[in-house]
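Dropping the structures in below, format is structure tokens.
Two complexes come next, and they have one chain in common, chain A, joined by chain B in the first and chain C in the second.
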Partner chain A sequence: MVYTPCPFLLMDNNQPSTHPDPRRQLQMARSMCWHCQSEMSGEYFCERCVKVQPVSKDTDYFSCLGVPRRLTLDPQKLEAKFYELSRAFHPDFYQSKSPTEQTISLSNAAVLNTAYRTLRDPIQRAEYLLGLETGSVKDIRTSPPADLFEEILVLQDILEEYRASEHDSDEGRRLRDTLKTEQQALERRKEEMESRLRELFVDWDKLQDAGEATSPARVERDRILKQMRDLLSHRTYINNIVNDLAATIA
Partner chain B sequence: MTRIVGIDLGTTNSLVAYMKDAQPCVIPDRNGRTMVSSVVALTDNGLIVGDSAKEHLTQNPERTVYSVKRFMGKGLADVQNDLAYFPYHLTETGGVIRIRLGQKSYSPPQISAMILKELKLRAETYLGESITKAVITVPAYFNDSQRQATKDAGLIAGLEVLRIINEPTAASLAYGLQKKTQGTIAVYDLGGGTFDISILKLKDGIFEVLATNGDTHLGGDDLDRLLVDLFVAQIKDRHGVNVGSYPDHMQAVRLEAERAKVRLSGELKTEIAIELPEDKGHFTGELTRDQLESLAISVIDRTLTPCRMALKDAGLTAKDIDEVVLVGGSTRMPLVRQRVEALFGKPPHCHLNPDEVVALGAAVQADILSGGTTDMLLLDVTPLSLGIETMGGVMSSLIRRNTTIPASAKEMFTTYVDGQTGVDIHILQGERELVKDNRSLARFRLKVPPLPAGIPRIEVTFLIDANGILNVTATDMRTSQSQSIEVKPSYGLSDTEVERMIEDSFKFVAEDIGARKLIEARLDAESLIKTTDKSLAEAGHLVAREEADAVRTALSQLSAAKDATDPRAIRARMAELEQAAKHLNVVMLDASLKRSLQGKKVTEVT
Partner chain C sequence: MAYSDKVVDHFNNPRNMGSFKKDEEGVGTGMVGAPECGDVMKLQIKVQNDTIVDAKFKTFGCGSAIASSSLATEWLKGKTIEEAQKIKNTDIVQELNLPPVKIHCSVLAEDAIKAALTDYQKKADAQPADTK
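This part shows the complex of A and B:
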């Protein structure tokens, strides 16, 4: 027998398996109350026996929190909804309930917390939406913006040089100043990207509000998603470098 | 629903509280003391707990355990730097520290269970009912092993631990109940052995923890040590004695150091007096607050980095904090208050009793769980990132620190060799890149059907529950079959060991209860003998001779029973004596009444 010394992770979790899909089964179970088997019409609680129902694995974070699939969300409203659902799901309120209800409460609360954490942050929200609209989120690879490619290569060299240098020497100080300037430039660049992203968010929301299924609307949709993907990927790349720089010269 | 009590199981002091008419109250002992010293001593009459055990620190240092909380969920290697300071003997079995007391070794959860039992008994005596359920507090920065060890301690003490709750968040519940404010608060908790900082948003009855940080090895104990080192050096200088080699005197030095530190919170200077070994007389001296503070500042300033990190993780700056709440005995030090004020830019809130507020909050949480309080809800976070070991000894993070709990993460696993039937998984907690720099929590083996490499798909769910404790489940995605997983903790007791300890503890409970009953019966018998002797002396001549003789016979029978070991026989003889002396007592009362009336005018009586 051979065992791996450490686990081998599959990078892509969202790839459907070719075997009986448990998600399908869950979805079917969802339409009926697990307890009294009556048809489910309420959102999270059976209207007949008032038992809590599991949040389906197919429920995306937007519908979990009962908000539209938009990229500009009112944080106050999102928080209010999160608090309301926390009061509905939190294990504290299921202490005297049946073990099944306790299990559902626990996993619902965990899903709710993930959903809120994701949607609360505009960048994570956009990455998540992109995943929903175009397939796996994990496909967003970080990549440097083409026009910064050269600059970043040079920067990497300076970083190496600085790491190897005596930090207190004149040379070290000179390198650190260069790196600081670079860091500021990159931070500005990041802010620029973020403001462009915000414009795209507004475009996306407008398109959603119009709700048209025309072919220009489809073209516009694809444009927004494509630009968003590129910007997100570049932004993460820059963000990582900025963090790295900050940590090195701190 | 049966009552749930709230317990603050502290490094130095422990307390138990309950909810009375929608207000939390700490349960005092007969003398009105609310704190139980977290000390356990092995004496010739068996194990004792609390303040009476504390007295044994200097008489019997190697058999008196204090600050056991520092050892919860730890192995011997984790506490190497502490060993020199603790007079009792530590060993390790199965990744768990063991403390030697006489002929037996005890794990830290077993020692903690003795403290819990003392609190349980205190609550039972006070409330007149049996207590089986509790909420127990832990430092927010406790890792999974330390939380699990606390839960084990509860089980061993015969308590179902319905919730493990973080100390600073518990404090915030008590604070919120009292102040009914909204806004962002920071709870700064510096006790005897641990430091925590938690930043919370209070809104509409929701207590949402935004970030938490801390140091589970930082507290008043460290200040005591600095003073101990100072005194030991001074004694060596002045008297040429190395106190370090006398464990009992070292404890005397430590206790005097702590007392001096406490006094200097109220005074600017204080006198020190320590008895020296080998009849060398006394060491005396003066310690000023300035001297203490110049030593203490380096320790106290170690609390500031965690505060800054928590602020950063919460995405806030110091000026966003509306109020800083102080918790823990060490926050009574003026220097601590100054440093906190300097960091947050506003004077801290110190109107809560820093000793009791955590226990009070635990009682509030207990009331939430039992359905009494319905408008408050605590949303806490996990203090440390959780991950697994991947190729190259690197930790891959699954749940980031400061994620709201319950929190879950799923990971898909497969094989990379044909026919492979197992995958070993190593779970870690911590913020560092490399496995070796993080805390190993547990290992388990995933069972995999023998198939070509890459075909099996096992989904593992890592779930951190509302206690901050990890639960692992696995599902074979090809068959949708879930798989039971036996997780082997790296620094914890195994389930079977905990079970054995529970059994042991029930055996001891039976013995303890037997011993307690005997002692109580003897004490009651003694006082009955004393009062009957008095009645005989005062009124024996006023009753028939046979009656007086019957009382004397019953008396001598009770005396004999008292020296034997059967509490039931003592109680039976007591009942007989009470019966025999009933008339005698009436006669005696009459006689003494008459005596007291003599010499008084009739008008004074009516």
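This part shows the complex of A and C:
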């Protein structure tokens, strides 16, 4: 087996001080090729010197994969694009290239993987888009849909009771039946939420396609984003309790 | 990433787990949740003469969320309402040595304290002064 040194080790301290620091290169704007300094027009490769170019830090996952910022993406097209780019950044093609190119292709592949994993799943895709559109996702709103929390706490109590009970006693069976019924009801609610989310996805895409900057369009935009955010967080709570239920009474 | 010893200790031996009756006199209830991870936290305080004499919690979530609320109830006991207002999530982060990805758990605990205090205040204000 041939030992291939890690590209990150290759770019370490032994380089002459005049050599451009690849880490700084990675942060450079995409408008210029890091190698030949000509203006960039290609997607990931300089059209003049054919060197691989780093994904810009400001690039979001949608542009990274070359798809529009929409919520109803065609999974097959997305997958095809992912494979195409994965091949373009594959380490096998960079073994004889410079350390800088190896580093760039490797970190591009990493970004690409995260981008694809995020966009492939409709829920994660919507959560990611919300973060892009509404700014800080860190803004934690802990105020509850109070009745939902009450419901979850009651269910968790029954779950505890069931865990502590003899599973094949009458009491255990009774609790199990209760939990099973609740689980089915919650799963139906989760499905309802997901179908409402899908409607909002379509609404969002329509709005984007129309591309109007009128004030009704802005109101509509805010409505969709708010409803999506509420539904997504509701869904997370329900998803958690459904998983707990499924794991316990399985 | 590993949890700090303090988190593990609170997780294995949670302090003050349980609940009071919501309508019991002097009890304030705070219920909060983190929409990102779906954790749910209930924190209750029992107040006599402006001092928190007891506190309980129930948390369904990760180890850090459980530890944060367990620690919060420990800190709350014996504090006056005013002192309790001053508990900050950063105090919890420091005490439990929480990593950046778990900071939201401490935010959740701080919000639960605030919600419980608000609930207590609301109930106290609703009562005629002489029955307080």
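The definition used in the following text is that the second predicted complex is superposed on the first by the 207 of 250 C-alpha atoms of A that agree within 3 Å, B and C clash if a C-alpha of one lies under 4 Å from a C-alpha of the other, contacts with A are read in each partner's own complex, and residues count from 1 in each chain.
One rule holds for everything that comes next: a contact is a pair of C-beta atoms (placed from the backbone, for glycine too) under 8 Å apart; a residue touches a chain by one contact, two chains touch by 3 or more.
None of the values given here were measured: they were computed from a predicted structure.
In the superposed model, A:Gly131 makes contact with neither chain B nor chain C. In the superposition on chain A, contact of A:Leu153 is made with chain C only, not with chain B. Set against each other, chain B and chain C differ in how many residues of chain A they touch, and the higher count belongs to B.
Look at A:Gly172: by the touch rule set out above, it reaches neither chain B nor chain C.
By the touch criterion defined above, A:Ser96 reaches chain B but does not reach chain C.
No residue of chain A contacts both chain B in one complex and chain C in the other. Against chain C, the residues of chain A that register as touching in their complex are 137, 140-144, 146, 149-150, 152-153, 156, 229, 232-233, 236-237, 239-240, 244.
Within the complex formed with chain A, the residues of chain B that make contact are 1, 162-163, 203-204, 206, 365, 368-371, 374, 377-379, 388-391, 393, 396, 403-408, 410-417, 419-426, 445-446, 457, 463, 465-466, 475, 477-480.
On the side of chain C, the complex with chain A involves touching residues 31-40, 42, 58, 60, 104, 107-108, 111-112.
Within the complex, the chain A residues that touch chain B are 1-10, 13, 17, 19-20, 22, 25, 83, 86-87, 90-93, 95-96, 106-107, 109-111, 113-114, 116-117.
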